[in-house]
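I've put the structures underneath this note.
Shared chain: chain A. Partners: chain B in the first complex, chain C in the second.
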Partner chain A sequence: MELVATYGLNFAYSTATLGLIVLGLAVVFGLLGVMNMAHGEFVMLGAYSALMVQQAGLPYVLAIPLALFVCGAFGWLIEWSVIRHLYRRPFDTFLATWGIAILMRKGVEVTFGREYQSIDQSLPGTVEFFGIDYPAYRLVLMALIVALFAGLFVWYQRSNTGARIKAMVENPELAAAVGIDTARLSRATFIAGVATAGLAGVLLAPLVRVEPYMGLDYLLNSFFILVVGGLGTLEGLLTGSGIIGGADVVISAIFDKTAGYLGVLTISILFLWLRPDGIFSRR
Partner chain B sequence: MKRRDFIKTSLGVAVTTALTAKPLTSALAASPIKVGILIPLSGPAGLFGPSSQNCAQMAVDEINAAGGILGRPIEPLFADVGGPPADATQAALKLWKGEKAEAFIGMHDSAVRGALTNLFKGQVPYIYTPVYEGGECSPGTYVIGETPEQQLAPVIPWLASEKGASKWYLIGNDYNWPRDTNAAAKGYIEASGGTVVGEEYLPFTADNFDSNLAKIRDTGANAVLITLVGGASVGFNRAFASFGLADSAIRLGTLIEENTLAGIGAENSKGLYSSAGYFANIDTPAAKAFAEKYAAKFGADAAALNSLGESCYEGVLLLNALAERAKSLSAADMDAIADGTSYDGPRGAATMSDRHVAKDIYLAEADGASFHVVKTFANVDPGKNCG
Partner chain C sequence: MAFSRAASLALAALLLAFPFLSDSFTAYQLGLYLLYGMVAQGIALCWGRAGFLPLGQALFFGIGAYLAGAALKAGVGWALLVPAFAVACLVPALLAGLVGALVFNRQIGSGPYFSLITLALSMLGFQLANSLNGVTGGFNGMTGIPGLPGIDTYETLYFVIVGALIVSTLLLAHVMRAPFGQLLIAVRENEERLQFFGFRTSMLKAAAFAISGGVAGLAGALYAPHQGIVTPQAVGFLLSAELVIWTAVGGRFGLIGPVVGAVLIGFMAAGLRDTFRYWEVAVALVFIAVVLRLPGGIGGLFPSVLRLFAGEAELGKSGIAPHPLAERGHRSAPDLRFDAVGVSMGPVNILNGLDFAISRTGIHCIIGPNGAGKTSALNVLTGRLPLATGDISWRGASLANTRPYIAARSGIGRKFQVPSIFPELTVSQNIEIAVWANRLSAREMFSMQPYAWTTEMLTELRQRFPSLTEGEKSAGSLSVGQRQMLDFSMTLLAEPDLVLLDEPCAGLSAEETRQMIEAIAAIAAETQATFIIIEHDMQVVERLSDHVLVMHQGALLANGTMTEIRANPDVKRVYAGGTK
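And then the complex of A and B:
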């Protein structure tokens, strides 16, 4: 029973955090078609925003607005200077954002140094949950992520902006013809996507290693999830996170970590081969 | 300075030097010894580049101030070996054949070491400085780093008797250093009356350790031997403590130095031990003097001292000791006198045997974000590394 609870919670945690990490990429890649190789670096910027708040001795929650501002501002800058010229040229966005990613890593390395940073948990310790001791911060984090996704789902279904984004994604020319400012909407969507990555960075920073190269960890898994789940829907994103995270948790538990990683790679390859649009395809 | 003035001044200096120069033979004798210093300036180990470079430079400056090696000043030639072995080989070859380096000091992984011993084939002295899995026996190759025997033989029995470590879980990254370290560990654990309750190897890409932690809790381990490296070690140790496992099991790492501990963080370092030949705050006069000189030379913001960076300082000292004893810079001459060669460094006295060094080993406990030494094991034998 304890084992089931442990693995169940680990599965839920891994699905939730993967979902949070991939959300920004799902927006930028799934909706705008920009293969953002700098996605992980925005997660990293979020974590360093948390570091700045900690070093200044301010309350941790202030890291959230700071990260949204830093990532949003930087996202605006690169959308304006680079990305907007490359919409609908996915391979070019791939190369351009890879260059931007290197620049961001080096920039942080110059500013903060190459060394590991440690960000304190605002809620250290464990609490008893379903008969096992589970880290308190993780439980709060999972609840936050569920709330975030629920809110986002409702907003995307109901709001005017959500409808306009869907129209733009379906048919940009027609959307422009009916008076939707697609250039502005694309920019806002891009900024929202990278700001979400920054938010993920803030929330995960107390749990992971923080250093200039941490972003690379998050990039590959994010793409795997989108391959499996499919682009453009929240259902796909969550299903993909569940499958990738779940495969890792289950296979690692039965065999070992290497087998778990092999399983994730195998699943991704099978999907690319047999079902390249993923489980939930908007096509 | 204007260009013309510069040329005039340079010419003046050159003429004066030429006129006052000593006879040709002694001028040649004082020509610098070029020493290739191979350290990672990029890649995953690039974190250790700055401290390695600082430490090597400091040793070079000190030896030069004292008259150099065999009366010749050392000219360090730094090269980046943070990439794959093939690139490192190219970099070393360039220094050796192109720049005429007469000796090499290397702080890098074992894959690069294998490629370099194959390149040098004992024709040029090569000092390998970092902690490693043991067993290097190539001619002309001199090893300073801690072997698993040194890090574990005295430490495991001590932890068993003092801290009650009896049920060990072994976890490391999946390559030869962790596997060889754990192979050695099993013998010492058994001899100390303990048992191994689990053994696991993780790919370098691992960033989620939940399933490993569940297994550790499930086995009831009261001690964990960690041979994860760098970022994997940071991530694992943070998650380990967040699950409250630090209350039920001690942790021993054989490559947890000051940078890794900084990443693990003060709130996650309870019951964390590290075994190594050097820590930044070893409480001996030699180590304290070294740390003070380092701070004075490079400033308070310099890369933090750690066992890997400091090993480069020791490497230069060993090269000096070998060359002075052999009265030569040839690897063959050094091989002949290597056994018994000794020097004193920040780590304490070191004596060569089997082209490895017997030296003091420190067991340190994390105290927040820094280490303090809880036990010093004097003059620990490196074990049998040849044959």
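And then the complex of A and C:
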């Protein structure tokens, strides 16, 4: 029973955090078609925002507005300077954002150094949950992520902006013709997507290794999840997170961490090869 | 791209003289960058030529390095070292070919998924190299690799590297200049059209990828004695990423550009990395600028300099092209059967039990209102749409769920309604590809002789359509009418037995329409080929054909001579807008 609870919580935790990480890419790639290779670097920027707040001795909660501001501002800058010229040219966005990713990695490396950073947990300790002791921070994090997803889902279904985004995704020319400012809406969507990635970075920073190259793992995992689950739906995103996260947890438990990583890579390669439109595609 | 002799010899001589002009340490450094340049040349073949981007090229480089390193550590002599180096080239080449064949066979086009797969494979390789301590030395790498026997690593190995670079450059230059290279451009430009000429494009791309993998393996095999150590970084993601950057910045459309990119950035990095902290940030900025504004890289800035190295290809003597499809009953009587064919797309039934047979040569026209399923019928026949129910057979063999290249190899030629050509190629290059269709063997793809092939059909078509004789013009600059004529001519140059024409006169002027109709009628009479033409213009139908098929709502409505069709009450009702 306790073992089931442990694995159940681990699985829920890994699905939730992966879902949070991939959310930003799901917005940028799934809705705008921008293959954002710098996605992981925005997660990294979020984590380094948390580091800056900690080094300044400020309360950890302040890292959230800082990360949203830093990622939002940087997102605005690259949308304006690069991305807006490349909408509907996915291959070029792929290359350009890759250059941006290198830029961000190297920039952070020059500023903060190559070494691993440690970020303290603001909620240390464990609580008893289903008969086992589970880290409190993880439980709070899961609750936050569920609330975020629920709120986002309702907002996207109900709000005018959600409807405008759907219209723009479906048919940009027609959307522009009925008076939607698609240039502005695309920019806002892009900024929202990368800011979400930054938020994921802040929330995960105390739990993961923080260094300039950390983004690479998140980037590939995120793409793999989107490919496995399929683009454009929240269900797909969560299914993909569940499959990738579940495979990692299960294989790592049976063998070791390396085997889990290799398993995820193998599953992803198979999906990219055999079912690039996702698990729900009817091909 | 061919190399004119004088300029290439000068460049090779300069490379060979470099250690005497500079010092041996700089030459040692240059040797490493030249090896990276070789890998970048392979990326240029895939990316610049064929249009698909391999993002994990270090995987093949690293495999070559580990294999050669293991052989060198075993201390075998030259007699075994030469085959070992051959293995270090062949294993990566075969692996790349296998990956390419598996991936490209399932996915047409050159989307980012292939790139992501190669990236993931490179990460997989890195992880394996890291964890297989016994084989690769794990994280610390395979250390203490001795140099090549009898060759001083810091003095003479440089000349071996330059020799390998010259060989690989000549080899790649030949591959690019030969029909294979021209077909790769066609893949980049219009992969689907090439399939309708009977070329299995997935295998062309896989072959290009295999060649790039082999070159990367050779470079890796020399990297092992050059560095004396091979670590997992040699197969990893970061080196793969840098290789793509060097290729892009140097120029991905040629063979000199990638080497220049690797050498230039390599030396600048060595000089500036320690003194200028933002060096790598600057490289990333240059890369972004290249993606946004300068797809040709540095090579694209100096086209006239590079042209010095590009001589005219030496063509073989002109010769008559071999007969296509010789063993496949070429020009025997047609036998096409649609048997209750159903095609659906989502909830919509596009074809609904389409039933007809064609068993006599001549010109058959399909007419019918918009949305009747005329083009879809041709699409399912040529494997462009999946068959849901029923069967299609051509000369007794089923074509159910065929693929375009198989339909083309069975003697079915197709011209789309919107002219489909290779816009970046010249008119004569377009024609060459059509003449090669169903004729070119795998060996001939790497020989210069097919450039000189000519056929009687080509002579006749040139007389009928004068625009075909302007061979140097790029096909993309032709008018719509001229494109229609080029596309039509290309379809016929493959000498198919069953010619499918989808509104061949769309977008033509009255005079061009007359020319086109005359050509169709005359060629149909001469060649004994069978034509199926979709046409809306009743005058054209009447001029060309005495057998008309009328389609309505995905099924056959009527079938007979023009007079019979005119008298048919069902046809009248459909065209007069009566009840459906």
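One rule holds for everything that comes next: the second predicted complex is superposed on the first by the 266 of 283 C-alpha atoms of A that agree within 3 Å, B and C clash if a C-alpha of one lies under 4 Å from a C-alpha of the other, contacts with A are read in each partner's own complex, and residues count from 1 in each chain.
We take it that a contact is a pair of C-beta atoms (placed from the backbone, for glycine too) under 8 Å apart; a residue touches a chain by one contact, two chains touch by 3 or more.
Source: prediction; values computed, not measured.
*Asks:* Under the superposition described at the top, does placing chain B and chain C together on chain A give a clash or a fit?
*Replies:* In the arrangement built by aligning on chain A, the partners chain C and chain B clash.
*Asks:* A:Phe94 contacts which: chain B (first), chain C (second), both, neither?
*Replies:* second
*Asks:* Which of the two partners, first being chain B and second being chain C, lies in contact with A:Phe74: first, second, both, or neither?
*Replies:* In the superposition, A:Phe74 touches no partner, neither chain B nor chain C.
*Asks:* Touch check for A:Val82: first (chain B), second (chain C), both, or neither?
*Replies:* So A:Val82 only meets chain C here.
*Asks:* On the A-aligned overlay, A:Tyr261 touches which partner chain: chain B = first, chain C = second, or both, or neither?
*Replies:* Touch status of A:Tyr261: both partners.
*Asks:* With the two complexes superposed on chain A, say which partner A:Tyr137 touches: chain B (first), chain C (second), both, or neither.
*Replies:* So A:Tyr137 only meets chain B here.
*Asks:* I'd like to know which partner A:Tyr48 touches here: chain B for first, chain C for second, both or neither.
*Replies:* A:Tyr48 sits against neither chain B nor chain C.
*Asks:* Using the superposition on chain A described above, determine whether A:Met35 touches chain B (first), chain C (second), both, or neither.
*Replies:* It touches chain C, and chain B stays clear.
*Asks:* Does chain B (first) or chain C (second) touch A:Phe190, or do both, or does neither?
*Replies:* neither
*Asks:* Hey, which part of chain C ends up inside chain B in the overlay, 4-12, 40-48, 202-210 or 220-228?
*Replies:* 220-228
*Asks:* Show which residues of chain A both chain B and chain C reach, each in its own complex.
*Replies:* Residues 220, 258, 261 of chain A touch both chain B and chain C.
*Asks:* Across the complex, what residues on chain B touch chain A?
*Replies:* 44, 46-47, 50, 174, 200-203, 205-208, 210-212, 214-215, 217-218, 231, 234-235, 238-239, 242-244, 259-260, 262-268, 303-304, 369
*Asks:* Tell me, which parts of chain A touch chain B in their complex?
*Replies:* Interface residues on chain A, with respect to chain B: 3, 6-7, 10, 13-14, 114-121, 124-126, 133-135, 137-138, 207-211, 213-214, 217, 220, 248-249, 252-253, 256-258, 260-261.
*Asks:* How about chain A: which of its residues touch chain C in the complex?
*Replies:* 35, 82, 85-86, 90-92, 94-96, 98-100, 102-103, 106-107, 110, 216, 220, 223-224, 227, 258, 261-262, 265-266, 268-269, 272-274, 276
*Asks:* Can you list the residues on chain C that touch chain A in the complex?
*Replies:* Touching chain A: residues 53, 102-103, 106-107, 111-113, 115-117, 119-121, 123-124, 127-128, 130-131, 237, 241, 245, 248, 277-278, 280-281, 283-285, 287-288, 291-292 of chain C.
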